[in-house]
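The letters A, B, C, D, E and F name the chains in turn, as written, and every chain counts its residues from 1.
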């Protein structure tokens, strides 16, 4: 009683899923880092807090 | 009665919008909040109305009625949206709010007909709210301030979309409210023509304060 | 509070057909099933109660997403949040009005659809009774979903997804009560009692959770 | 008392996003390498050990199915812990962790479902039956997807964090149902034979590859989770920088 | 035109989970069914195609109400009405984008759910094929309802009501084609052909009617 | 090019909102529509934009390009709502409209970067539209007027919610458009600071005119 097809199918799908997940995580990270670099290049940067708000008169 | 704000600051998303705002308003006084687009006027008013949590600071009502948990229970809030249903008639809308809100201790709301007359649109209370023009809708939303009594009015750009005549009419309403010992806080880009007002200029808060996702 | 109840009833009648729409939807779903399953009368009678319950479940979920969203969009929600009246009570009354406008008509329409499904009188009666007892629970559960999704675009489907899993117990006990009534040996009362208990439970929990979610979602 | 608060301070020091990023940069390569190592070992073991006399070759599906099923539950438990962190300590990293875990958990659950189905066809003669174990795992899968949808729908994390934390906790009732469904209801599915109080009852021949694969899957989970958390922190940096840009734009006009 | 197609695709992916929510709803509905009718594998296999079709019908209808309403609410519809490009083409492209974002994922998810309903390979294949051919018709029919209801509050349910009766033929021929494929004597092709004809018919009629309704509804 | 309105009247529901309105605008001229709330300004603009049917009267474009069915095809309409998607970035929004609308004959739209600079918000086109404050959103909606060329601009209360600096910027844009031979029709409550403008005062139409359910 051998069902090699089922075994290979499950290992194959498992591999696909896991590899896909890894690639997605990596791609997502790359995209975020690129966005960060673009923002940095556009000169958007956190300055340390300088209080400037409304004062009642 | 005295409305006391001490060191208020508030966030939107993660960023501090304003920081350390304090003022005190006694009965019969008004505060006008001004400042450029995006400087946090609406945010401040929502904090006063209890609709946004203040990040820091406190908001108190001194000499108010006892057993009150937050000043917002004694406040009217008129935001950008009118809080009226397009499908119901003006009269149905107003009488719903009159019933639902009830009157705060120490005063009583006017009745529907008077209120509609006071905003200068007598005789169209039977129309569905959705049939009115932008300015007429805004005026009916002001009639809501009159039908249920609240000592504190919080108004966000009340006169946007109003014509000059309505502006004067509105100034009259607010002054009458102040004369009766009410308190008014209003954000605006245009002069409102009020008496006895303080002004609070918001400049926007460029710094970070708590940008927690970045290194300090 | 009565003012709120009446206003919500008026609104759901005036705004785009209100109550009628839910019933029509229910009828369409139920009418579609025989086309799919084929005109096998016995099979229809067998799965009839289940189909009626599923149809009612879907139909009463569908209107729910606007429960608070409409209030939020025109700014009414802000005013409701500011009042002295506990938000809990407001939510409860809104749920009640919503059920009266959409759930009740479903219950009333159920016998007709039962006939379409070739169910006998007993089964129809039992279905109606369980629907009467069970649909309020769906409304109360749905209120939580509606409150969570109040500020979302396309909230409708998301509400259904959040709510359907929680509504499964209602469905199970509703259907099993009906089957218990039809098949002699099984007793009818216990599942009905459980259904009632579930409804009461959610009538308490639902508004509490929804009120908490609403307070939190306001911005 | 003071010791306690010191410990909390230490903990929250570590849980500062910037520190977390530094830490992640340091440990990720090691984790990735270890994961790969265990997978090579596990795969080798699972294809070299003998088949079962009863189940034949299909027993090899177990080496994927069972770890994936365990991990799907563990991932949800991690999310539930994070949800408590969000609700009780309001720590921002807890929300990051819970968000990052959802897609990973969905993938593991998907794997458990698919491999289970592929096993069920030869064993039970059906791809799917609606028994308690399988149904509850399917519900778990739907819950993961629902949480992901919710997280995407509310783009402001400050608002969605507590809502989704509550939902995660509500959904946690499903986990014991999955675990004990085979004991509470009679189902087609195998009862527990490894994770039992009285020790495993499974043949060591099968136990060895199973344990190695389970370790490999666990390492994989932590690797991906840390990486995904790092991505999430970056995403939030981008978001807050963008809001800052919006706020300061046009100021001088 | 391509710009419009791409924009709508982007929107439905970005706004609130979009396409995924439709599939998720589909799965949830299907998962609820066994709780109602009971885990009887044969019965499930028997009603499987019908359930899949009904689930797909609901899921693809439910998102439809926002098709034009969202455009109207932010004022984009006004601009679209003013252009030289025939409104017909605009509507058609919007329908196509909507189907690609919600109908297509449903078709792709169908096999998985077919397995859950214990259907055999042939039935699953036939269901997928009929869904592929039939769901565009639902989108086109729905567009008419969405256009009619564009100015109504609570348009969602109303659209379903206007649209469901029209969609029933699609459902009937879809399901009967599947059953024809499973049971040998009945031929598979004729109902499939009719289904195609229906889809083509509505691909022409739908945008025309929707465009007319939109012109009329603007105020 | 000359935009010619003759004897226009329009209904809302059953009531005539205005009656017999005529004007003529040549290239380079602007018309400011004023009047109290509910007098029919927005209604008139929607008629001009082809979004409402005129009850009587005609709207023509003389010396316009041939094969044009309605002047609205040569018009930009900026209503109360901005016609931008919150979920897409500003750049995506603008480039969609640029592609979808195309240019009218006789001119060409500016490119994205220029347009965003012209409204004074350079460098934030990559942001999702929903992140912007109310005033910034309104300005980006104005950038839409620039990316696709249309000789006629129809603007409904364009400067509501803008602060003073943005008001001036807007007046500059409109004047530049007029200098290039464009035509502008704008409804407003506030002075806009435009040159070469005619003014049309709507007074509202109190009579019944065609109330078909009454006797004359």
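Definition applied: a residue touches a chain if its C-beta (ideal position, glycine included) is under 8 Å from a C-beta of that chain, and two chains touch if they have at least 3 such contacts.
Here the structure is a predicted model, which means the values were calculated and not measured.
Novice: If each hop has to land on a touching chain, what is the smallest number of hops from subunit C to subunit F?
Specialist: The least step count works out to 2.
Novice: Starting at subunit B, figure out the least number of steps needed to reach subunit C through touching chains.
Specialist: Between subunit B and subunit C, the shortest chain-hopping route counts 1.
Novice: Would you mind reporting the rotation angle for the C-alpha fit of subunit C onto subunit E, rounded to the nearest 5 degrees?
Specialist: About 175 degrees, rounded to the nearest 5.
Novice: Work out the mean Cα position per chain and let me know which chain is farthest from subunit F.
Specialist: D
Novice: Counting C-beta pairs in contact, which two chains come out on top?
Specialist: C-E
Novice: Using mean CA coordinates as chain centres, what's the subunit B-subunit E distance in Å?
Specialist: Spacing between the chain centres: roughly 46 Å.
Novice: Distance-wise, how many Å sit between the C-alpha centres of subunit A and subunit E, to the nearest whole number?
Specialist: Their C-alpha centroids are separated by 32 Å.
Novice: Out of subunit F, which residues touch more than one other chain, so two or more?
Specialist: Within subunit F, the residues that touch at least two other chains are 12, 80, 87, 123, 126, 132-133, 136, 165-166.
Novice: For subunit A, what residues touch not just one other chain but two or more?
Specialist: 42, 46
Novice: At which residue positions does subunit C touch at least two other chains?
Specialist: Residues 15, 152-155, 158, 161, 165, 219 of subunit C touch two or more partner chains.
Novice: Contact residues on subunit D for subunit E in the complex?
Specialist: Listed in rising order, the residues are 117, 126-131, 135, 138-139, 142, 145-146, 148-150, 152-153.
Novice: In their shared complex, at which residues does subunit E touch subunit C?
Specialist: Result: residues 15-18, 21-22, 24-25, 28-29, 32-33, 35-38, 43, 46-47, 49-51, 53-54, 57-59, 62-63, 65-66, 70, 149, 152-158, 160-161, 164-165, 168, 171-172, 175, 179 of subunit E touch subunit C.
Novice: Considering the complex alone, what residue numbers of subunit F touch subunit E?
Specialist: For subunit F paired with subunit E, touching residues are 12, 46, 49-52, 68, 72-73, 75, 77, 79-88, 92, 95-97, 99-102.
Novice: Quick check: in the complex, which residue numbers of subunit E touch subunit F?
Specialist: 1-4, 7, 10-11, 14-15, 73-76, 78-85, 218-219
Novice: Under the definition above, what is the set of subunit F residues touching subunit D in their complex?
Specialist: So the residues of subunit F in touch with subunit D come to 120-121, 123-124, 126-128, 131-133, 136, 139, 165-166, 169.
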